[in-house]
Amino acid sequence: MSIDLHNDSAILTIQNLSKSFGGVKAVNNLSFSVLQNNIHAIIGPNGAGKSTLFNLITGVIKPDMGNVQFLHQDITSLRPDKIAQHGVSRTFQNIRLFPDMTVFETVLIGTYQFTGGNLLPAFFRTKTFRNKESEAKERIEETLKFVGLWDVRNEYAAQLSYGNQRRVEIARALATNPHLLLLDEPTAGMNQKETQELMSLFSEVNQQGITILIIAHDMHLVYSLSNQITVINFGEKLAEGPPEVIQNHPAVLEAYMGRAETHA
Amino acid sequence: MHSKKLVVKKMVMFLVLAFLLVGCSAKNSSTGSSNSASGDTLRVGLQAPMTGDNAQYGQDMKNGVELAFKKINSEGGINGKKLELIVGDDKATPSEAVAVVNKMINNDRVKAIIGGYNSSPTLASQEVSGPAKVLHLNMGASPDLSKTKNPYLFRVILTGSVYVPAVMNYMAKEKNVKKIAAIFENTDYGITMYDAAKQSTKDLGVDFITAEKYNPGDKNFSAQLSKIKTLKPDAVMVVGLYNEVALIEQQAKQAGLNVQFFSPDDSMYSEQLIKLGGDAVENHIFASMIDLNANTPQMKEFKALAEKNNVPAQANTAIAFDAAMAIAKALEKGGGNADKDRDALANIDISGITGPIKFDKNGDRSNTPMIMQVQNGTFKVIKDSE
Amino acid sequence: MFVDQLINGIVLGSIYALMAIGYTMVWNVLRFINFAHGEVYMGGAFVSLYLLLLDTPIWLAYLGGVCAGAFLGYLMEKVVYMRMRKAPKLNLLIAAIGISIVLQNVAQYIWGATPERLNSPFLSKNFTIADMEINQHYVFIIILTILVMIVLELFMNRTLMGKAVQAASQDINATQLMGINANKIISITFAIGSAVGALAGILVGPVFLVYPTMGVFAGLKGFTASVMGGMGNIPGAMIAGLLLGIIESFAAGFISSGYRDAVAMVILLFILLVRPQGIFGKIIQQKV
Amino acid sequence: MIQTNKTVYRKFLLILGVIALFFLPLAVTNPYVMYVINLILIYTLLALGLDLIVGYTGQVSVGHGAFFGIGAYVAAILSKNLGFSFWVNLPLSIILTALIGFIIGFIGLKLIEEYLVMATLAFGTIIWLVFLNWTDLTGGPMGIAGITPPPPIKIGTFEFVFFQYQDYYPLLLLFVFLGILVTRLIIRSGFGRACTAIRDDELAAQSMGIPVFKTKVIMFTISAAFCGAAGALYAHFLRVVSPETFTFSMSVTILTMVMIGGQGSIAGAVIGASILTVSSEALRETPELRMIIYGFLIVVMIMFFPKGIMGLFQLVKRRLQKRTIQTPETTPEKEGLSYEH
């Protein structure tokens, strides 16, 4: 895809987004932008509406109000698969792998939009089809080596360690060739070492020109990794800015840190 | 992840299940799969509904054929060979009938088939038995069964074109009905019987004011009956089997439709009709080829035999008994050669419970029916056969 | 003809309403369709029939059938469904189809396929109102249905047990946290729903006979009614049942009796596609 | 990947086995056994078709008996009323069944899980009632008898006539092989993988760019087409069709075959079809016992072995592999998902 990707231009713009479930406002009149090539973090207490936000961006649920623009195109009413094909890919808070697939096969699913779809070429194994397929295989090999799963490519994804399962999810998301990668609490439940490894992986992904929008609880990770942070609470935006600003933002300290500390 | 123990447990359970299925299959197939009949038995098939709404008929027929075979075998069999019955459940449906007749002919190597009871399955299955040159002595009422040009197909009951005029005549002359409403089964049997009845109206000065259909197995006839009720007929003709006749008359009474009901043939002649219909089927008139209270030596012998073997003496039991006797006679005379067996059956002349058994060129019998009525919960002859 | 069909419709509708209650109650607590509910209807009728053969007084035989139905529902839950709480809902549904095949054929094995008539003290008598004749058994069905509905409403809203069932239908897990035994509530729900279903079968027995496959269409229509009324909505199920019976009767009377059973199926498809929350609405759990 | 001698050898054996299967009638003299084998082949085609949507895509249908019926009735009606031959009827049956499958899929697949099951059930019942009541076209409860057998195949002076069961066998076997081939091609394609992904996790699949609804509808249509083909073959083989063959219990029987054989497995479809057909013929004399066993098997299978016989084999195989072979290069053999050829 040849889209003019200026640095510092907004890749994703969210305007007045609202969604309520049975009277509870999960996301309320939320607006913010994600800039090109940033690692943008979303933080907020449990139940603040972060995952709902991701579901709204990826089209899994439709907002009551507001819109989502990706690369200056309105994607609010698109189906999730269309949004993925536009270049928005994601991982899930609770790992969602395909239990009956090996690592290789799982990542292969990510290349669907480039190889899959048409049955007839696959039936007759036309030349273009075979070319596309070997291209896809090459890319998967590249991706798997990149995330460090090449050695376990033939094992069942669901039987890997927790950390590696996360990596499979990330590899699968990367295989869709995204411009924007949404990561929903990718380091939850991981030890220090695994977290460190993933963080450097994210940096590398980012260096390849992929914008990252990440939900995280680990403050250390958020502050050292991201260059922009949006804080939400009760579905509303509480604060926004670079880590230095957020770190000392009074409202954030009160609403989020205060509670986090008492909980800890 | 499955623990080792769980896998073992599952394997064991699976094996148990597998044995269950295989065991059941093996037990049942061992009776039937030993191919051609061995030297000292002759196999005859019974094609009849053994399950479903018509299961009572199949059971009655099975009882009749078994009685006959028991009698023949105890008297030494035919030409030194014992008769063996292979029962095939046609579920009163055409495709099952074809499947089961196939099995009886190809796997069990039956020499002849008795049945089926219902017309449509018989019409379908005779297309298998005909080319295989297997005698097929059926109990379907549809006049279409006379038109198959299958030389191996015979019929032990009377054809609809004999039953229908008899009962229509009676209803017009004795009961003075003018306007008749018809409700019939939407099968070859029902349709052809209704057509035959309609043809006979021209000479009799009666009219069919409506013709309602139902599918075999239906239980709710309120829609048809309330239509009929608004037309105020003198009588209602029901073409159907005992289940439907009983339900139709019951529901008619519930809806306040109190007129004379009649049927063109004896398909509902069964104790089950009284059991299901109760008071509602009282006064039902129908044409019949058999009277179980007849005072003939054959009937007495049959009843004694039935009592001895603890089998209810029903109309269809008696008719099937006759069919079995006729088949046995033909097989004895023909000696197992398909064409000779056929000729023997075509030229048969014996006297059975249902009167003289003789077949015309269509394979039909030409006896005349009597008219019967349900009175005080029993079947009474109200007009003898001519 | 119009009045005739209306009465037929109301009688049929009462039966569908009783059946619909069972589906809706089970849905409430477990969020799944107990496909084998039609077999409870059949089982209850057969047990009553059998008790009558043993010369049991008619009311006792009816009661016995209802209790047997309740027990059958309870048993299904205990033996199969309870062991599948964590399985996908679809597996539960397939298991239910399996149970229904087993029960139908066990009934056929024991009692045979031949339809039998259940006795009723009212069947052979008609009321005559003006020019109309109405069968007493029909009136009996309608009265008993209304009675059952009133009792059920009282039970659900006035008793502790009923309230617990209602609470369970909001959130079965929360109920468990609050110290109410969820398994017990589920068992009770199954038993009550099944008892009502068995009663429907017993009421129908004298009119449309008792036979092993009698529950198939009754079950489908009860289910259709429960979907029409909004899954989980008990009063909705009752009204929808009546409505379905009346629509069906008129369709059979004025369009074609052969397609009588198709009417309910078309309505079912239509409701599922156009208004899955039913006419009277209740939120259906969405999968996200 | 380089094919080892072993796999070449295996392939050779497989082809040999396939050819040998065509000569089975030489070994079977009993026409009834031949008849049962032919039935197995028809049911295999049905099970393969249903497995595409149930096993590979995770959408349960209890209306496939109706698709089978549509295929059979289309062939029967065309043969009886218009005198068309089998070779014309077969493609027409497939196309028409696929078309109806597409419509039903398009309407029904928007629904989730049990609602889809109920919708397919309603659809199946409606179709059955149409067979039963549209007497002018379908013969009502009487069905349609006297469907012509396929016309003789002439190659030079050699003439192959369809008269006995053993004559139908190569034809049916050919279609089963065709069905297996098509199934393999589908499930090994990107499209087939997408279906598997939908089955395993619809949301994850959709988020990876797979158009879920479209994929399901296409698979449903193909699945219906399989049943249409089986229907046309059935009509011309048995030469009579009647409505009660295509009731709900037919749909359940096909589903049971898939469940018992093992969802998502070609071998499972063949095994399931064989076991159920043979046992149902063997238990012909006690049909209620047979249905009790069916029902019981369904319940036990779904409770304890949701993946059927093939699933059990795989479980054992996986364990054995883990124990003996430790090298990382081994690819677990799995139907439909192995990528490298």
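Labels A, B, C and D are assigned to the chains in the order they are written; within every chain, residues are numbered from 1.
As a convention for this text, a residue touches a chain if its C-beta (ideal position, glycine included) is under 8 Å from a C-beta of that chain, and two chains touch if they have at least 3 such contacts.
Just so you know, these numbers come straight off a predicted model, no measurement behind them.
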item: From subunit C, the most remote chain by mean C-alpha position; value: A
item: Centrality ranking, top chain (CA atoms only); value: D
item: Which of B-C and B-D has more C-beta pairs touching across its chains; value: B-D
item: CA centroid of subunit A to CA centroid of subunit C, Å; value: 48
item: Geometric centre distance via CA averages, subunit D-subunit B, whole Å; value: 36
item: Geometric centre distance via CA averages, subunit B-subunit A, whole Å; value: 72
item: Subunit B: positions in contact with at least two other chains; value: 51, 186, 213, 215
item: Junction residues of subunit A - those touching two or more other chains; value: 60
item: Sites on subunit D at which at least two other chains make contact; value: 132-133, 203, 288-289, 297
item: Subunit D-facing residues of subunit C, complex; value: 32-33, 80, 83-84, 87-91, 93-95, 97-106, 108-109, 113, 216, 220, 223, 227, 256, 258-259, 261-262, 265-266, 268-269, 272-273, 276, 286-288
item: Of all residues in subunit C, those that touch subunit B in their complex; value: 1, 4-5, 8, 12, 108, 112-117, 123-124, 126, 132-133, 135, 137-138, 207-209, 211, 214, 249, 252-253, 257-258, 260
item: Subunit D residues touching subunit B - in the complex, by the definition given at the top; value: 30-33, 35, 132-133, 135, 140-143, 145-146, 165, 238-242, 244-245, 275, 278-279, 281-289, 293, 297, 300, 304-305, 309, 312, 315-316, 319
item: Residues of subunit D touching subunit C in the complex; value: 60, 62, 107, 110-115, 117-119, 121-123, 125-126, 129-130, 132-133, 203, 248-249, 252, 255, 259, 288-289, 291-292, 294-299, 302-303, 306
item: Touch list for subunit B against partner subunit D, complex; value: 2, 4, 7, 10-11, 13-14, 17, 20-21, 24-26, 28-29, 31-32, 35, 50-51, 87-89, 91, 93-96, 98-100, 102-103, 106-107, 120, 123-124, 127, 185-188, 213, 215-216
